[in-house]
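To keep things simple, chains are lettered A, B, C and D as they appear, and every chain counts its residues starting from 1.
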Amino acid sequence: MKRMTYREAVRSALREALQNDPRVFIMGEDVGRYGGYYAVTHGLLEEFGPERVRDTPLSEAAYVGAGIGAAVNGMRPIVEVTTINFSLLALDQILNSAATIRYMSGGQINIPLVVRMATGAGRQLAAQHSHSLEGWYAHIPGISVLTPATVADGRGLLLAALNEPDPVFIFEHATLYPLEGEVDEDAGPAKIGEATVRRTGNHVTLVTYGGSLGKTMEAAGQLADEGIEAEVIDLRSLRPLDTATILASVEKTHRAVVVDEAWRTGSFAAEVGAQIMEGGFDLLDWPVQRVCSAEVPMPYAKHMEDAALPQASTIVQVVKEMFQ
Amino acid sequence: MTDEEIRSTVLRLLSDIAPEADLASIKPNVNIRDQLDIDSMDFLNFVIAVDKELHVDIPERDYPKLATLDACMAYLAERLKAAGRARPTD
Amino acid sequence: MTTEHASLRRPERDHALALLGEMLRIRRFEDKAAELYQAGKIRGFLHLYDGEEAVAVGAMQSIAADDSIVSTYREHGHALVRGLPLDCLMAEMYGKANGCSRGRGGSMHFFDASRRFYGGHGIVGSGLPFAVGLAMADKLRDEKHVTACLFGDGAVAEGIFHESLNLAALWKLPVLFLCENNLYAMGTGIERALSETDIALKARSYAIPAEAVDGMDVLAVEASARRAADAVRQGKGPVFLEARTYRFRGHSMADPQLYRGKEEVAEWMKRDPITNFEERLRDWGFLSDSDVRDMEGSISAEIDAAVAFAEAGPWEPVEDLTRYVTSR
Amino acid sequence: MAEFRMPILGADMKAGKLVAWRKQPGDQVHRGDIIADVETDKAVIEVEAFVDGVLERTLVEPGETVPVGTILAIIRLEGEPALAEMPAGPPVEAGAPTVAPHPTVPVQPPVRLRVPEAGGVRISPLARNLAAKLGVDLATVTGTGPGGRIQQRDIEQASAAMARRASAAPSEEVADRQMRMRQAIAAAMARSHRDIPHFHLFTTIDMSRALAWLAKENETRSVADRLLYAILLIKAVACALREVPELNAVWEDDRVSLKPDIHVGVAIVLREGGLVAPALHLTDRQGLGDLMRDFRDVVQRARAGSLRSSELSDPTITITNLGELGVEAVFGLIYPPQVALVGFGKIVERPWSVDGQIVSRPLVTATLAADHRALDGFRGSVFLATIDRLLQEPDKL
């Protein structure tokens, strides 16, 4: 095992991909000379040269579309769209090309494309730079949506994405990059579509993903001190969704809370809640609860941003109400 | 095991023997065998259950020390502490 | 490049001192912002204007009170010259409720509807169609207003740039497109981002009159901007100005500036718009040391008062979290 | 004096590594001069000073990583005297913006339907399923959830209460079973009383040797194999029957017929009332350990209501009470068609003369009810004396 940060784990997967597969190249804003908006690609330009670590102009629709074209034509591009906030400029390319062309072409064309982007709030970057829209992407059939929450998954899920014949979108919560953790460098790709139980418990099931895992585990710790054993499920992948693992846990606990940094209405948490209701109705001793962001554009001031975001204390409060 | 855990275990074992007895209203300082209509066979089964669950082998000469619920609790807490497995009530 | 002829004409002394004062005020404001960021008072992102002051000060001379301004996240200079109170900008960067956006926006998102300062737009290029819309409304109501749309060379690579210029030209909308070409889009130099680096030339391809101007010379910018604004005000459609300038600090506070050499920065600093203009004022006998001291004194007093204003400012009450999401 | 602190150089920078000093103590410093290089997650950044003065002293060495806000150096401002000694005290956290205490905004309550007050039972799906499975009548349950919603624990408590009520005041089919048992016992006892000319004998037996032996024997046994003294009584009765076989018989067709095997029946009180007396087969030939296991199994199955009918009809003699009823002596009725019934009172500590000396001894009263048609008093008394003798040599049982 080797201790490294989340950004180093992602970088080690990128380097391994570039070394092992000549079709792989990285494209994105300031991934080269600037060393990466979040310093993930730091050093790769010097090691692999400008052809395979390509700085792009600020043209999101163009370079995502180009990534799609290159993937169709035999390459294995890894496009970094800096943050989910800028990806909105490329949504048409993502939805109407990347996710749809295989189906529209009657199966003739597949698009082996990996797109990475940072996501989430919590760093006082105000409304335009703090979105959590993974749920939008998970709504789209034809693509996979991965949300690595741990250092090991930061590497493992990226390696797995590179084996997929169809587009994979990886969302890295911006607060995770400095996170430290153990990584087994010989471990190959992780498994896509499988949730992981990060903590077992019999009283309530906490379902979450990506940047919210840390807060959820913190809440579980506080609840344990008060005699409530929470089971924490890290989804790791929003599409495909591992509903079986969720229902198996709810069958044991009869109570479920979904923690999701997105806005409550139409959030991915709403989808998880619906699937629990559809698949586990008879198991429920309490309505499924959701802990999401307040439905406001993210304010700049720290105390306002903290109030808008789901916090460990919010999760603890919601769970305790289920045991009044 | 805290006192609370000992108490709930003892009550559960007694309820196995006397299922119809209303354990919630058991008087802690009155003889158990009278309150719950327990004969020597029942009491032996209770002793065997305590041994199986709490790993405390109660010799016959100690039977009188288990006459009431409180006495039984105190006796078991003592034996568990001696075996280094009891915790003060947190 | 049209620089020589404009700067030969000597401005009035008071006007020249005012131009210098405004540029110096921006520079000192950015300096204090950098200091407060490193001390943790200002958080999030901070993009400073050092080196580009001549563009804002020069251009804003021909923008009237009821014209509109659309800016980007590197907006401090634009807001100051537009007249947004310095102390409200400082409080906004602190995230206080007495900030110009109630503490909601921070450094990148100043707004002041009363002064038609329609904000810092954080997504590169996103201000362009916004400005086109403002101008369309003025045109539809026959208002002789100009909408000044400021943006950087990074925006030129965005699709929205081309769509906006075409629309403005097609419908002859009263937009003054002012591109602050500081040669870098974050860490990517213009020659590594644009196949055609002559941005004014690109604008002409949309049948928009366009000229480049030395963005380090406040008088040159002032002259070009006046011509452009007058043309726009006459309703002949949009005009495009490419101010070639340079930023002396990093893209933002966390920028190690690996993409450019120190000599290049040093070279451009020799053309510092403030020190050069100050020299010319001295040559013209307009400026004495005591003038400079007075100017510096009043600016630092204004800034110190602004810091105190921000420090004392109240935090927005958490109960107001959901206010202003919608109008109802 | 001005402090030069580790600057915050990015939205999520918590600490920085001082790479190098670009000014040395004693150097002039002007606002905007580069004073040091600091390394962040991203790379090395040149850090400027924001004051004019002289670098008095550096506090942190290149190569050290320190949290943001740590004092790195002291700068003596123009016109200030040199500093005599260093300011003591730990590096202070940067003037982090004083953040107002922020109460967490209450979680947006989901829109809840106003449930119609009357009628509709508010219940969770799990609770509804559980109620169906456990036969709990929802009308009898009050919900402890919000708005009175019924939850799993409400059903479980209702079901437990039902069970208690059922065993205390048995449900119909339990009541009916008890009634039938009562009728059977009534019929047998009436017939016994009517048809059997009982005669009754009793004797008092010193149990001290038996109990002493038992205490020693139990110490060698694990808890689960521990013996009750009742087993000694049962074995003694069984062995005594070998010597007085007439008691191990039944009266049928107006005559006594001796039984070849000895199956001692043992009367067991049922918790919800009533009595049964199943047989412990071949009682005299079983070791005490096997007998005890047999006895415990029979008691458990009797109380669970799962005795086989043959077990109830096999006994060739019955022992009742075994000291459990708290009385000293029992004069019961024989179970037809058997010809004898043995009763044991509770063991009582009493004065007892041994070799002319009065001592205290644990005594039990053994009684015999016998069918005078099958035997006479004398054989009965031999039987009781044999039991007494056998109990004085417990090791031989």
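The rule we apply is simple: a contact is a pair of C-beta atoms (placed from the backbone, for glycine too) under 8 Å apart; a residue touches a chain by one contact, two chains touch by 3 or more.
Because the structure is predicted, anything quoted here is derived from the model rather than measured.
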Middle chain, criterion being Cα centroid separation: A
Furthest chain, CA centroid comparison against chain D: C
Inter-chain pair with the most contacting C-beta pairs: A-C
Averaged-CA centre spacing for the pair chain D and chain B, given as whole angstrom: 9
CA centroid of chain A to CA centroid of chain C, Å: 37
Cα-centroid distance, chain B relative to chain C, in whole angstrom: 83
Computed distance of Cα centres, chain D from chain A, in Å: 46
Multi-partner residues of chain C (each touching 2 or more other chains): 43-45, 95, 255-256, 258, 315, 318, 321
Junction residues of chain A - those touching two or more other chains: 35, 123-125, 294-295, 302-304, 307-308
Residues within chain D bordering two or more other chains: 11, 42-43, 97, 99-100, 102, 105
Pairs of chains satisfying the touch condition: A-C, A-D, B-D, C-D
Of all residues in chain D, those that touch chain C in their complex: 5, 7-11, 13, 31-32, 40, 42-45, 47-48, 50, 68-69, 94-97, 99-100, 102-103, 105
Chain D residues within the chain A interface of the complex: 11-12, 14, 41-43, 97, 99-100, 102, 104-105, 107-108, 110, 124-127, 129, 144-146, 151-152
For the chain A and chain D complex, residues of the former touching the latter: 5, 7, 35, 39, 42, 123-125, 174-175, 177-178, 254, 264, 281-286, 290-291, 294-295, 302-304, 306-308, 311, 313-314, 317-318, 324
Chain A to chain C touching residues, read off their complex: 29-30, 33-35, 37, 55-62, 85-86, 88-89, 123-129, 294-297, 299-304, 307-308
Of all residues in chain C, those that touch chain D in their complex: 31, 34-35, 37-41, 43-45, 94-95, 250, 253-258, 315, 318-319, 321
